[in-house]
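First up is the structure itself, then whatever we jot down about it.
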Amino acid sequence: MNIPEQLFYTREHEWISVKDEVGTVGITDHAQKELGDVVYVELPESGSAIAAEEAFGSVESVKAVSEIYAPASGRVVEVNTVLADSPEILNQDPYGKGWIIRMHLDDTTELHTLMSAQDYQRYLAEEVGE
Amino acid sequence: MRYISLTPEERKQMLDVLGLGSADELFRSIPAAVRLTRPLDVPSAMSETEVVNYFETLARENTSAQSNACFLGAGAYNHFVPTVIDSIISRSEFYTAYTPYQPEISQGTLQSIFEYQTMISQLTGLDVANASLYDGSSATAEAALMAARVTGRKCILVSPSLHPEYRRVLETYVRNLNFQLEELRQAPDGRIDRDSLEAQIGENCGSVIIQSPNFFGVVEDIAALAQVVKAAGGVLVVAVTEALSLGLLQPPGDLGADIVAGEGQSFGIPLGFGGPYLGLFACRDQYKRQMPGRVVGETVDSQGRRGFVLTLSTREQHIRREKATSNICTNQGLCALMCAVFLATLGRKGLRELAEQNLRKAHYLRSLLADHLVFSGPFFNEFTVRCPESPERINERLAEQGIIGGLPLGRYYAERADQMVVCVTEQVSRTQMDEFARIFKG
Amino acid sequence: MNRTNIVVNLNEPLVFEQSAPGKSAYSLPPLDVEEVALDQIVDPKLIRSDIPGFPEISEVELIRHYTRLSTWNYHVDLGLYPLGSCTMKYNPKLNERVARIPGLATVHPLLNAPLAQGNLKILYRLQELLKEITGMAGVTLQPAAGSQGELTGILMVRAYHAARNKPRKYVLIPDSAHGTNPASATISGYEVKAIPSDQTGQIDLTSLKEKMSDEVACLMLTNPNTLGIFESRIQEIGRIVHEAGALLYMDGANFNALLGQTRPGDMGIDVLHLNLHKTFSTPHGGGGPGSGPVACQESLIPFLPVPIVAKDGDKFRLDFDRPQTIGRLHAFFGNFGMMVRALAYILSCGGDGLKQISETAVLNANYIRKRLADHYDLPYDTPSLHEVVFSDKRQERQGVKTLDIAKRLIDLGFHPPTVYFPLIVHGALMIEPTESAGKGELDEFIEAMIQIHRETVEEPAKVTGAPTSAKVARLDETRAARTPVLRWKARGKDEEKDEG
């Protein structure tokens, strides 16, 4: 299971990386494996406000839908529109080309409530049985 | 009991395997207090002959459109049903299968639905169609729900000439969802008053439902209305009760409709006392993931051969549960097949020819009743007339001559108690129309 | 003898791909009014020029087209179709015959009642028989299928509470329920709260008590539930629900198990829907039409949809004058043709026959359960009625999943069971043989399932590579959903032109 060191993780299996108050958000390798082949990604509008722990989009496989929850509050500044035509990128490169949105964070201290890579690894082992 | 195959001996063998002394013990998980201890008060089994006689006798207590000229339409049309339809849908392979959950052994159903979806797209001028809904009325209600999802606006503008029963079904579907239904105004020619639409549409009201040809038979100016809806960023739903009109009139999609919801009964489905009918549903490609109901899509198998599957299923209740785009599961599959066979039978030329016959005949009757017309707007095969005496009385006199008259409007519109909607299909003859006009005029 | 054999499946293109100008399958009578120019009677702007790409084939081609397509379908008349919770029983031919009697099938729904007495009598008779069979006081036949029946029932529940000044907020639904239940509750304006199942596979009473309050409108309970298990604490469930002023809705999808054995009306149910296309033998039609009548107790009768068929002396009439009605779900009376078939079925079976049906359906399911229990994991050992749910736990260890087992059954000549439902069972295989299966066919099915289990150990590739004998091999559903192709379009020189 690929769990990069420098990222923060949610219990709903999203990741976020932050640089200068701008966070990049995606779903984890575990999440994409659980879903299987992604066929559609429902993306938010650029410029829309999103709130921590609330769903801002969804990822669909043939037989399942999974909501994507915001790791923090803020405003969407960029959407990965490549996913609209090539949702398989989410399976192929969940931490790289498969990023979903970039957002301007309201409050970077919110990130303290998220899990580190080690925490997430432990969480997967305990809660999910990975 | 001829529908059961177990012999008493086999029954006993099977109970032995289960270690049970009697079949009754199979039901031991049902508490004794709620077990039925008496036989059901249902008559004992009737033989096949008795059942046939029972229904044949009841049939004689009906006035059927088979043995009477029928001028009644209003959402149910007496069109001819080509013989091939019953021949095909009587094949067990079609009518005793279920929803194609296992595509490898359901390609017959799946390909036929794919063809059906294509023909509905072609007829409506829209990009995609679903695999069917229950009937025109619930399809219209589903279209309203979808339009509200797409626009995010919960006020819906409804044409006053939407079929009153469709309106009633729509009200039932939305009554607990905090929707507002506002009525548009009708112009004297029987069409929607464009100015009223312009005045009422806005930030709250984004979805517009009209019917064309409308309940009074008048063909709406869809293009003009669509312009207004588009300018306001809304969604235009066009309901169609007489699907045959699609064979001749400009497709609503080409004129700017975003969703077409309709009744497909005219396409090979018998009057059947109101059902089973067929809910048609088509929309623009950009809205396909908001569509209700099942959809068939093309794909390939593991060896690269073309095949068909149910797809975009994540919209549906079995996956998205309370967040599904609709609660529908079982639809009207066999009726969709009847429709597809009908459309393939009539085909590119025949459908138009049939539609033209309806239009021409209806205009012939109109020429006989020219002094009685209520609306001046264009019509297809139905129109509204003001009656020289009560419409009910006229219908009684028609019935005495073996003619089923038009629909008296007083039941739906108190102010139109002197009017009826008359329908002419290819099934009524010129002689019958002459007779109708003679009796109508008294 | 081997059940399957190689059969020839003729390939068949789409109807559009066989079309050519000049071919046709229709014949119309000559027009008997003057053929005036169209533009004299209607504005040419309203008329479409053509329907590009629309079919043009001969009658022979049409018949062969659909006949060939039909041979690619598995169907009830061919053999066992054990789709759990779908009740794929035999569809009697007699029902088809009577439903097509012209005097019944060509009646206009807007005729005045005196002209349609025969059909109204059919509606009335079926309505009254269903009251007796369910033990309920009121029935509407209008809902077009089970999920519309659910919507009708929940709307009635809401109207009932609203009439008592508070529509309430929640509908409780067990996690084993069919997806239509939560979807129907949502359209009715309710929020859904899920109730877990306990280790016996029944609704968890502790959780039910916790979640019950005066904000709960009803509990939607499928009984027997989707595991085939009768909720044996039904009386206590009724008490818990009713003490909070809520109502008890029963999803009657599995009513085939209960015919003549027990009645919802006698077990505290307030409102339920039935599926005529399951319990009462009307054909499934490749996905419908169905019919989903709703039955209710006296207290809910005022809220039934309009119209209701009433009887005055020996005359039948339509009663629209019902001020508290929820309204209408269908433009006319629902799927009348299905009602004719269901009535023919009930009359053909008689009271005794109906009881024999539930008895046989339950016996068949339990026989399968017993004989397969050594080979497939049974997640709940609570007694079950008309269907049995296994999991793929044992086979999964060999890398074989439920989907593979289902596809291998196709090669062995059977329609697979319902798979991956209910959601509370890992890799569920939900088997409902119905009363229609004879012992010989049950044994063959059981042997096929045992063979598949053996193959998962000995030659798993045979299972994971199935089916090999169907018209097509496994289809790429991912591709279908990623780049949806939902209609045919002309290519090349025949390309459809936009109309202008």
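Brief remarks on what is shown
Each chain gets a letter, A, B and C, in the order it is written, and its residues are counted from 1.
Here is the rule we use: a contact is a pair of C-beta atoms (placed from the backbone, for glycine too) under 8 Å apart; a residue touches a chain by one contact, two chains touch by 3 or more.
From a predicted model like this one, the values you see are computed outputs, not experimental measurements.
Interchain contacts join each chain to each other chain, per the touch definition above. Ranking A-B and B-C by contacting C-beta pairs places B-C first. One finds 38 Å separating the Cα centroids of subunit A and subunit C. Subunit A and subunit B have CA centres that are 44 Å apart.
One inter-chain figure worth recording: subunit B and subunit C are separated by 19 Å, centre to centre, where each centre is the mean of the chain's CA atoms. Each of the following residues of subunit A touches two or more other chains: 40, 60-63. Residue positions of subunit C with contacts to 2 or more other chains are 477, 480-481.
Shared interface positions of subunit B, defined as residues touching 2 or more other chains, are 313-314, 319-320.
Across the interface of their complex, subunit A is touched by residues 420, 477-478, 480-482 of subunit C. Contact residues on subunit B toward subunit A in their complex (touch as defined above): 289, 313-314, 319-320. Against subunit B, the residues of subunit A that register as touching in their complex are 40, 42, 60-65.
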